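Take a look at the structures below.
What follows is a pair of complexes built around chain A, which joins chain B in one and chain C in the other.
== the complex of A and B ==
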């Protein structure tokens, strides 16, 4: 439990990080540093995106799997690290 | 006794051997069949399969082939001898006169299939865009997402799981790596800013049809007027009307439409006048308002925010007596003035706030008497925002009348006339870059005039094959203008490039094209045809971007 907190704190302290969300495999946000509404929005949309990305890769090559997903936009970058049961979503503004 | 007779394979070069074997056979057979008297010259061959069984009870029908050995063919005896010329045919020069020498041709050969390029237009489909409402879900059944305590409890439970801790540690380290990466270098940085070099494009001019907006009604009507939305031109307003005298079928719809050019399947808005609109114009100052002139001679004023019905309609008594062929907004402080022209010979000024009566009236009488009977019917109008007091009217009789609005008496209103065309002047427009020059289109030619020269036009095109129905200058290039013809062809003329022929001729539709409007950015052109189709064409960049010294060249 403490390790988890420590990990999250370390990530949060990195430059430009705006928010962290941990989502479980059903799309429920377990932990988040953002407000509730944004959390719900991010988790729902990104969950679908990760599912789609994963299935896409699997369709092309069944042995392959998604290891990391980066969404770079004009304003910031959304990084998603998927796991078997959970995703870790970090929103960072790299230029800041 | 079963006797089978067959021809033995006969090998010619082995003749001697064959005859030997024959003799052997014959001798053999001679023992069996002593009756047969065989001599070497006969060619009877007898084959008895396997052993011979004597079965006198069965007698089969046999067929005997007999052929003399000498008839088989003699052995070929080859001998060598020197060659000799059999036939020698010399060419006869007299025969050559009957032939024409074909011109040499370079033909490339390639062993591949002949293919041809076709363009296919898919069937129109209606698409509807709708949004989705997201609701929070995913929570297990026993937890109510709205109950905060339950959700917190659930979350805490999840956090205690070991799986969670492990996976999160792993994910955390991966994520940190990427975050640090991001902070170190901007991986999407543009290294070399490429300058766009404006080169002289030597490509052939082209125009491409982007979209066709079709009249959704069953009975198709002609598009007689078009107007682009002033703010960026994403919308096009089209006036539909059947111009033939009393040709309106009974169930013809009266509506005119505003189309969004991205969505050709259905019009964005419908304008419902009481009588079909012949022309309409967007207010350049206020993009929500439109004014339209109808077949009955009335003027209608719309506000698109207020719906499809006209906000106001001019009264029938005070309006024109003939269909209003052209209506244009004026530059005024209030931004609510427009003027209209019709074949009844009048040009009326209106204030859209009060459409019951025109504010001013001008009778187009060349004798300057204000006599309505002698008035000329007006078909087109021109107004240039930079010269607010002057305007021009193109008439049915082929005269262009230049008028001054500020003149005190009716007599002075008409300043001068230009006579040029044999038929009605369907379009009239000043060059947006050089207002002293204007373009008129009527009968079979297009002419460019200079205001100061009153006798004749300074430039005209040669007589075309069909009637020219509408024309306009390109708003970006001073030397380019567009015309549309009755045979469905859009011509693009570049007077700096070629003056005798259009630079580009595009066959837009099989039906006659009646109206034409260029969008303000100069790249999109809309043409309206007789069967209610508005075709949007994109002009290639060579014809729509300003060339360097074009302005100065055109001024010359």
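== the complex of A and C ==
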């Protein structure tokens, strides 16, 4: 519990971080710093994206695997770090 | 042996020869007998003797006995009713035919389909969350992934790798716009001229159509030399107001017929289909082009090309080649019109209207219904286009006028039927001279366009429902609220170059008759005919006037004189107009056909740009127009009847930073300078007087 909190604090202290979400492998949010509605929306959509990205890479090369996914948009950047059972989503606004 | 065989065959054949049977009569010989042609009598022989000359040939021909009645006698057959046999029995054949019909049905298969689906996300309950958060794998995950995230975040902080340097360069100007050549002078866009209508004529007035893109109307008048040459017996050539469109630079789209030359005309600010014009004979004319406005709207590039294709069969083809002509709807009564040509005409804005004494009252309908005209007969007259209440009670008069003009009823719109030939002005303003006897001779005028503080819509000035002018009625003036804050004072430019500042409200004199007040100010700034008096679109108290060989800028309320007076130029200043987007910029047209662009903030003694030889003859009218934020045009008309449209470059329409504020300060400065100068002048004249008196003593 404490480690998780510490992780969140460390990331949150970085400049421009708008929100952090920890999602399990099925797409159900475990921990989040955003409100419930945004959390649920982000986890469902990003879970699908991660699955797709992962399967794309493994289709091309089965030995390969997804290590990090960065989604840059006009307004902010979404960073996704997938793990075996969970993945970490961080939303940052670089210019803020 | 073959012989015996042959004889056998022969015998067989002989034996087999059929014996003819005895013929049984079945009645056929009777039919044959009937069919046979037998002569019942001897052939008749006729011997004829023909009187003829011996041995000449004779020719026989056929003659039908039925042709002439008496060449034959006949016993015609007729139906005798005694020998009628009624048919009681007839043979028929009937067959019963079964009717076959092919039909099909299909049963609707209702497939159960979800009409709505509502779902909610899967969530963990609090206990589950607690469990998970304690989980080892989660801790591992955090431990391994956090550095990655931090690394990425740090990268972000260090440098923005996704910036497009090229794009970032353009943030000073408009990003994304790049034109190869950016010119900063007027660029010629189109020239409009027409052999038939603008030959030997000059343009007296031009106006952009307020709503339709690319349509400009010009009034063409005869040149002075022609007027004197024409003998008075000849019927004058009809004068026209010609509408040009960007899509066709040599053919007019619409023509407005005028009884005589028009020196000034204006579109109504409430309904661009209504146009008022001032004629050289002093009458005021009204046109209604709502029927023909589709010609102007259709005149866009592309549609005109389709119409001129001679191969296509177009039912409207007959109308396309001939420009439609709109006759005027109404003309003012000759007795009460101006006694000299009308040189300026303006609509009163829709924010107020004036009574018969010139008092401003509220305009309930918010429609421009009143017009002011000025003329060198020393009067300014105010007119109202609505039907006065008194006329409603005289239906007989209207019927009489109907009978007089039966032909014109179908072609002329009846919008202003009630005014035709009986239109009288509301009141007139005269301009008595301040110090001496006589009157000022007005040529142009400008009044403040009062805007209501509550009116917010300047964008949607044109509502979808254009007001119907024929339905408007003059309300009783007692019922209208007086508007105290409308500025009734206005500037007038005269024939001798004076600028007169006067009030249009009438006052009652000793006998109770309405009379104009004496003007408040008069300055002879221009030595000759004043041809422009225009209010700045940005400051309602700044007026630009041009006349003679110079131009001047005035501020309302400053009684000492003009704020800025230019030097006397070599060439006459024939027209001036303010830029619509930059408060400090205005355009001056000259006698030699050149156009100058002035920027007061940059230099008030020299033009910013001089475009010489825009035309060979003097510039008669100039009007700028804003089509869109990036398209600004300037229409320039000259003495040869040629209309040129220029594109105003960006440097001349994009205002500099705080231009409006700078201009305000500039004018304040000039006002101070003027006051200073006047004060000093007073001191000097006093000093001079003292010196003179001392000398005398």
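Definition applied: the second predicted complex is superposed on the first by the 96 of 96 C-alpha atoms of A that agree within 3 Å, B and C clash if a C-alpha of one lies under 4 Å from a C-alpha of the other, contacts with A are read in each partner's own complex, and residues count from 1 in each chain.
Heads up, the rule we're going with is that contacts are C-beta pairs under 8 Å (C-beta built on N, C-alpha and C of every residue); 3 or more make two chains touch, one makes a residue touch a chain.
Bear in mind that the values here come from a model prediction, so they are computed numbers and not experimental data.
A.B. asks: Following superposition onto chain A, is the placement of chain B relative to chain C best described as a clash or a fit?
C.D. replies: clash
A.B. asks: Considering only touches as defined above, state whether A:11 meets chain B (first), chain C (second), both or neither.
C.D. replies: both
A.B. asks: Have a look at where A:30 lands relative to chain B and chain C in the superposition and call it first, second, both or neither.
C.D. replies: Both partners.
A.B. asks: Taking the superposition as given, does A:52 touch the first partner, chain B, the second, chain C, both, or neither?
C.D. replies: After superposition on chain A, A:52 lies in contact with neither partner.
A.B. asks: Given the superposition on chain A, at which of 132-140, 366-374 or 618-626 does chain C overlap chain B?
C.D. replies: In the superposition, chain B collides with chain C along 132-140.
A.B. asks: Residue overlap on chain A between the chain B contact set and the chain C contact set?
C.D. replies: 1, 3-4, 7, 10-11, 14-17, 22, 24, 26-28, 30-31, 40, 44, 67-68, 70, 72, 77, 79, 81, 83-88, 90, 92, 94
A.B. asks: Using the touch rule from the top, collect the residues of chain A that touch chain B in their complex.
C.D. replies: Residues of chain A touching chain B: 1, 3-4, 7-8, 10-11, 14-17, 22, 24, 26-28, 30-31, 40-41, 44-45, 47, 67-68, 70, 72, 77, 79, 81, 83-88, 90, 92, 94-95.
A.B. asks: Over in the complex, which chain A residues touch chain C? Could you list them?
C.D. replies: 1, 3-4, 7, 10-11, 14-17, 22, 24, 26-31, 40, 43-44, 67-68, 70, 72, 77, 79, 81, 83-88, 90, 92, 94
A.B. asks: Over in the complex, which chain C residues touch chain A? Could you list them?
C.D. replies: Of all residues in chain C, those touching chain A are 121-124, 129, 132-134, 137-146, 148-150, 152-154, 156-157, 160, 162.
A.B. asks: Could you please specify the touching residues of chain B with respect to chain A in the complex?
C.D. replies: 134, 136-140, 154-155, 158-160, 163-165, 167-176, 178-180, 182-183, 186, 188
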